[in-house]
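Handing you a structure now.
Order of writing sets the chain letters: A, B, C and D. Residues in each chain are counted from 1.
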Amino acid sequence: MTIETALDDRTFTKHESEVRSYCRDWPAVFDTAQGSWLTDVDGNRYLDFFAGAGALNYGHNNPVLKDALVDYIVRDGITHGLDMSTRAKGEFLETFAAKILEPRGLDYKVQFPGPTGTNAVEAALKLARKVTGREAVINFTNAFHGMTLGSLAVTGNAMKRNGAGVPLVHTTPMPFDNYFDGSVEDFAWFERVLEDSGSGFNRPAGVIVETVQGEGGVNVARPEWLRGLADLCKRKDILLIVDDVQMGCGRTGEFFSFEEAGIVPDIVTLSKSIGGYGLPLALTLLRPELDVWEPGEHNGTFRGNNPAFVTATAAINKYWSDDALSVQVKAKGMEIAQSFEDLCQRHDGLSHRGRGMVQGLAFDKPELAGRTCEIAFSKGLLAETSGPDSEVVKLLPPLTMSSEDLAHGLQILSESVDEAFAADTAPEEAEA
Amino acid sequence: MTIETALDDRTFTKHESEVRSYCRDWPAVFDTAQGSWLTDVDGNRYLDFFAGAGALNYGHNNPVLKDALVDYIVRDGITHGLDMSTRAKGEFLETFAAKILEPRGLDYKVQFPGPTGTNAVEAALKLARKVTGREAVINFTNAFHGMTLGSLAVTGNAMKRNGAGVPLVHTTPMPFDNYFDGSVEDFAWFERVLEDSGSGFNRPAGVIVETVQGEGGVNVARPEWLRGLADLCKRKDILLIVDDVQMGCGRTGEFFSFEEAGIVPDIVTLSKSIGGYGLPLALTLLRPELDVWEPGEHNGTFRGNNPAFVTATAAINKYWSDDALSVQVKAKGMEIAQSFEDLCQRHDGLSHRGRGMVQGLAFDKPELAGRTCEIAFSKGLLAETSGPDSEVVKLLPPLTMSSEDLAHGLQILSESVDEAFAADTAPEEAEA
Amino acid sequence: MTIETALDDRTFTKHESEVRSYCRDWPAVFDTAQGSWLTDVDGNRYLDFFAGAGALNYGHNNPVLKDALVDYIVRDGITHGLDMSTRAKGEFLETFAAKILEPRGLDYKVQFPGPTGTNAVEAALKLARKVTGREAVINFTNAFHGMTLGSLAVTGNAMKRNGAGVPLVHTTPMPFDNYFDGSVEDFAWFERVLEDSGSGFNRPAGVIVETVQGEGGVNVARPEWLRGLADLCKRKDILLIVDDVQMGCGRTGEFFSFEEAGIVPDIVTLSKSIGGYGLPLALTLLRPELDVWEPGEHNGTFRGNNPAFVTATAAINKYWSDDALSVQVKAKGMEIAQSFEDLCQRHDGLSHRGRGMVQGLAFDKPELAGRTCEIAFSKGLLAETSGPDSEVVKLLPPLTMSSEDLAHGLQILSESVDEAFAADTAPEEAEA
Amino acid sequence: MTIETALDDRTFTKHESEVRSYCRDWPAVFDTAQGSWLTDVDGNRYLDFFAGAGALNYGHNNPVLKDALVDYIVRDGITHGLDMSTRAKGEFLETFAAKILEPRGLDYKVQFPGPTGTNAVEAALKLARKVTGREAVINFTNAFHGMTLGSLAVTGNAMKRNGAGVPLVHTTPMPFDNYFDGSVEDFAWFERVLEDSGSGFNRPAGVIVETVQGEGGVNVARPEWLRGLADLCKRKDILLIVDDVQMGCGRTGEFFSFEEAGIVPDIVTLSKSIGGYGLPLALTLLRPELDVWEPGEHNGTFRGNNPAFVTATAAINKYWSDDALSVQVKAKGMEIAQSFEDLCQRHDGLSHRGRGMVQGLAFDKPELAGRTCEIAFSKGLLAETSGPDSEVVKLLPPLTMSSEDLAHGLQILSESVDEAFAADTAPEEAEA
């Protein structure tokens, strides 16, 4: 049976649930990928400005990682290891400690909570509650932390929350940085309700925050805001959880996105690009004094995804033995920002924001963001929208993208924006 | 830096959280594996009667799957695909439909909810609640469904539940089959509270059940009990969810563990061995009329783990094109049962139960179960306990284990049981 | 303006919410009452077999209590006292201790939680949770404990639960005595799930139980069942709360309904007839070692309803200085039971049950219970139905009802039952 | 037995729970009362500036109401009527409609939810949830709505919330008027989170608000703020509940405290002074189109407290047939405010606020508020503190207090404040 000849949309519409989403925006059947490029079954090539929503910081099928992975598989390295001690895990732990934690003065214990971001978040929330004996958690407007019930309760998106089928409780959102365009003092509300014993707030176990909200619309927290938050948590004896699932692993420049602010969270979650090759892996990092878990109190069948340990180790060795990648990320981030700035000069109703290689182009008319991505796709570029009204074109290119590819992609995007605006104006002119 | 020479327990105790568990029982650093055997960094070999808690039904690094996987990686097949349409996913869907669903007269839609069992369960619970507009869910005593908040609420283990840090609500346990040793009529309580408008039960959206409770102590539901449950759900308009994460993919003989009972659940969860090679993958199967998801209403970064689609497809083609594996599983299951029966004849305070290749040996003295596993490990056999008091030695060997290996393992286990009993009796004799 | 001439149904249908209920069954406008009789604005008289749902154990406007009340009001005794110390409260406390608690060897501390039964239950549940640090509470099938959210969560009736508007959680119902007609061992399920650490039950803070479920259909717990429950609670370190709001104050014979079983609950709630005259009052009694309340941690504006203290004291002095009332209640209870037994002999599909002066006549055809009450009303008797399907005619006459009135009422009821059955059979005969 | 000679503190400390509170601040055993004065068992008289926390707006044992009450009792008027139609209830309904609702253009249906404020609030919250199908409710910082679980969840005080023993969920506090001293735009946060589909707020069923927060520290909402809130609720389709339990019945001048703002809430709760004489009574008023209750869906044994209907009717006829009382309340309110203003001029660290005859004197040093009340008590004046740190002396005198008594009380209070400040300064001077 040669199934592949039949592969088109019908396979997926017939067999797969209506819950599928990206495939609706990018109606192609993808086959292979290398670096920043994907190829579909018809041989069409696409430049990737989305990179697995941040899971492919080192590009598709990165050759260095690929070699390590194939070697490991060929030599019959353990594939599935639960939480048994394995060579691959041991080497990852030693490498992560030596190359990532120690140079940054961090002494986190590492928990492997199951290989997805939402699992890392669930473990973080459980631990914060267990340590403090409190149930409440503070999250932020437009946060995204995952789809399982614990993580969903700290996620902002109303459509996704409605999917829970039960009321999501024990969580209270606070305004993220700049939620009021600077008109309200940072933490005025948060600090006030903590100090006021009559405020009616349930005293929180912890605060969970993204330094840059990707799904929320590329909302960037200023370093001083993050420091203010860390300071508030410290003064009020509340645990600070940084969810670095999407913004960690160099996306914003440094390995951890919170390094720029000079803060040390109590708990950190990592996933997406920590495996390096796009293989499922997740970590919950905890200050040693918080490591009060009972053996097996949180577990998961795939928490020891050893091939991902191998590629994770290779990625760290390759990209985090010096600061070359960080320097590049910052430089390329500025290129993107410059391109966006040019677009903003050219069009009204457009603004941009971002940090490192997560950059957003925000449209006053949300439909133009979607239209831009559609046009870009037709020109062979993958880019996605985010934000509560899908009003922001969010770029998450591979950190390893070449300058030529980056320039090429930005050129396509620039044309797409121009065309989206032109199409938007045209009818009105016609009416005039 | 040659890290590997330093790999011993200290790496893990220093860097890894106290939450780790299996590594405590099996104090070795494993390196490679093939079929039913693992090898540690010192060259010691271990026969595997646990198989990744059911994630390695086709053995470690199964050569057929390995070839497909390496080929896919070498040719730069898409690794990480979110929920984009890919060749690997399409081929999996076509193969799963053609070889698994259609021959069984099933027309489930397939949801990829994120690559772990708990994610599949969370999606199933969400959907049941969304479809019915009710919050309550019925679970069973000694159930195990996962560690994220939604799944944990339907899990029985008190230690794991305590880890939640918030009260686990919206769920009510019912007695699993044979909970009262046959002295109470099946569903007497469940049916009565549903019929009695004054019972105080919140009307449930769904029931979630394992056909054999692995973590719960190898508790086997009889086919007639499962039919009774399915019938009750149908009469009372409650959705029936079978969690086949551990018992599916042939563990009990047929592909789905509920086939023997002749029931068709509304929703089915699969994970563990569905990927075939031990790579993270999970499916939530739903009757087409239940597919009311909004696009993206449940998502997850690693829901499109394409290498796992490749090995999953290869596994189905290899093992589920005919009924040879099913036949073997039943035969080997009987061999294990026979060996257990012999042990029970030899020792008081011992009983056994199981279905297909999930078999449990239950000790009246729970400590003897743990002691048996310790002795077995010292003899080169991996086996684990389960049950609320860790009183059951639970066997989950690879379904593909050779008869020689199976006999060898059962021999070791048999000796280990004998020694455990001997050691238990010895001190008392000494005292006498 | 002479409003009274206009008083008919229209006043109430126009101004009062649709939530009103008793007035629909008894379509009269009542004006005065004395002892066991009510009179409506048109001068019609009604014999009261309902007695304010148990709030008028000493009859309407009992002369002894009335004298004390009028004297108190006339001399300007404190009416509203919050929880200030007042003479009326002090005299009540001393009298309650001397006449009720001490003779029974009880040393409860008295809490005035607000003047309604639901308030007493809310205080009891809060305290049980506070003392134990646990959230879960066990209630029983067909329980009734009140309408505020905490009490409603332990109440069985589905219609009333649906009124909550939020999922009612933290509570799990257990089968009340004889729920399975004796076919299942008492506490088999309850004890088993407490002992099984894998059962998935949240360990409860307390159990709340009525010794006779009035609203639930006059379900009588046997003394041995209550002793078994008390014993189980003690062994498992769970607090036992007896809700004696309806069954206390002599309704079943002794002052407390649990005396017959010889148990001593940890917490007891009293309301309804504790004020004696039908004035709002409620008590939560607690073992002294449980009195860990902070001052003001539970409060309520009307917790010091001093006129009710006065009538409560007068009632205790009058009726609980000796055992005359208890003896009478048992004797009259037997008269009612005998009358019911005669009816059961005469009609198929009829059974009866009860204790003291709470007696129920249960109809296999629920509609006959309602029809019986309608006919009785037309004959000048007030009686009500209870039970999940309103299938039980529930009698709660004043404990002080004269033998003549009781006989008269039973005669009316007897005729009403006969007529209800006759009307039920008639059409079928006509058809035949 | 002459119990009264023995009545002192020991009666209460021995028999009553530690939860008692006011009796600790006012260590006397009160006996009788008339108008604005209480007398203790030793004959000492106390001027009442607290009036049953607002339950005695017409003074203690008001002669007009007392006559009606005694007449009713003497003529054997129905005392306890569940929700049967009675003459007393009918006359109350007609009077309330004719004198209170109709002149104000209001067409509320009246629910009698049980005779306490918390019952009225529970009914209001249930109804808002039932009508909208949503669970979430917005409350305000420093709100007080009652002690049963539903009401407690919308109450701010941390100590009282901790008494719940379960996490209080489904509610989110918003900043009450002036919470940030005018530095933050009204409803900026509230409106923003409602409009932002990514804010993570659960869409609320309703908002519950006090126009003046008595327990919260005499925080007065400005009319324009209330109008803004009402407008926001209307635009966003959220039900507006005004809890007028303490501030209704003329406390702020008009009968309903929200009249001044010109708003019409969807639901209103009344209790405390609605009975007029300090007898338990409560009302939930609802717009007719919201009256979707099922018969009996919310009930309560004492919801028909007929003696309270009688005094309520008498109070309305006496005090609400014209606007004389309203005018007086405003005038006396200004006298209190003037006295407070004088004190603020005289002392640093003192401010005042209030509306009508609820007036607060706020101390920067909370302990001075308590000290002031202690001194006042020693001088024969009853006054209490409120606010999250008990930093506000809160005056709630009877609305009917004579000018002489008011002046006398203010004189005592003024001296008490002076002495409290003097004692506070003295030691510091001594140290200097």
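The criterion applied here is as follows: contacts are C-beta pairs under 8 Å (C-beta built on N, C-alpha and C of every residue); 3 or more make two chains touch, one makes a residue touch a chain.
These are the chains along with the protein names UniProt gives them: A, B, C, D = Diaminobutyrate--2-oxoglutarate transaminase.
What you see is a predicted model, and the numbers here were worked out from it, not measured in a lab.
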{"item": "Identified repeat of the A-D interface (over half of residue pairs identical), from B-C, B-D or A-B", "value": "B-C"}
{"item": "Farthest-lying chain, centroid of Cα atoms versus that of chain C", "value": "A"}
{"item": "Rounded Å distance, chain C centre to chain D centre (Cα mean)", "value": "30"}
{"item": "Averaged-CA centre spacing for the pair chain C and chain B, given as whole angstrom", "value": "50"}
{"item": "Inter-chain centre distance, chain A versus chain C - centres from mean C-alpha coordinates, in Å", "value": "58"}
{"item": "Residue numbers of chain B (touch at least two other chains)", "value": "135, 159, 166-167, 170"}
{"item": "Chain B-touching residues of chain C, taken from the complex the two chains share", "value": "135-136, 139-143, 154-159, 161, 167-173, 175, 179-180, 183-185, 188-189, 192-193, 196-203, 216-217, 387-389"}
{"item": "Chain B contact footprint on chain A (complex, rising order)", "value": "1, 3-4, 6-7, 9, 11-12, 14-24, 26-34, 38, 41, 52-56, 60-61, 66, 69-70, 73-87, 89-91, 93-98, 109-119, 122-123, 125-130, 135, 146-151, 153, 159-160, 162-167, 170, 205, 245, 271-272, 277-280, 284, 286, 291-302, 305, 307"}
{"item": "Residues of chain B that touch chain D when the two form their complex", "value": "166-167"}
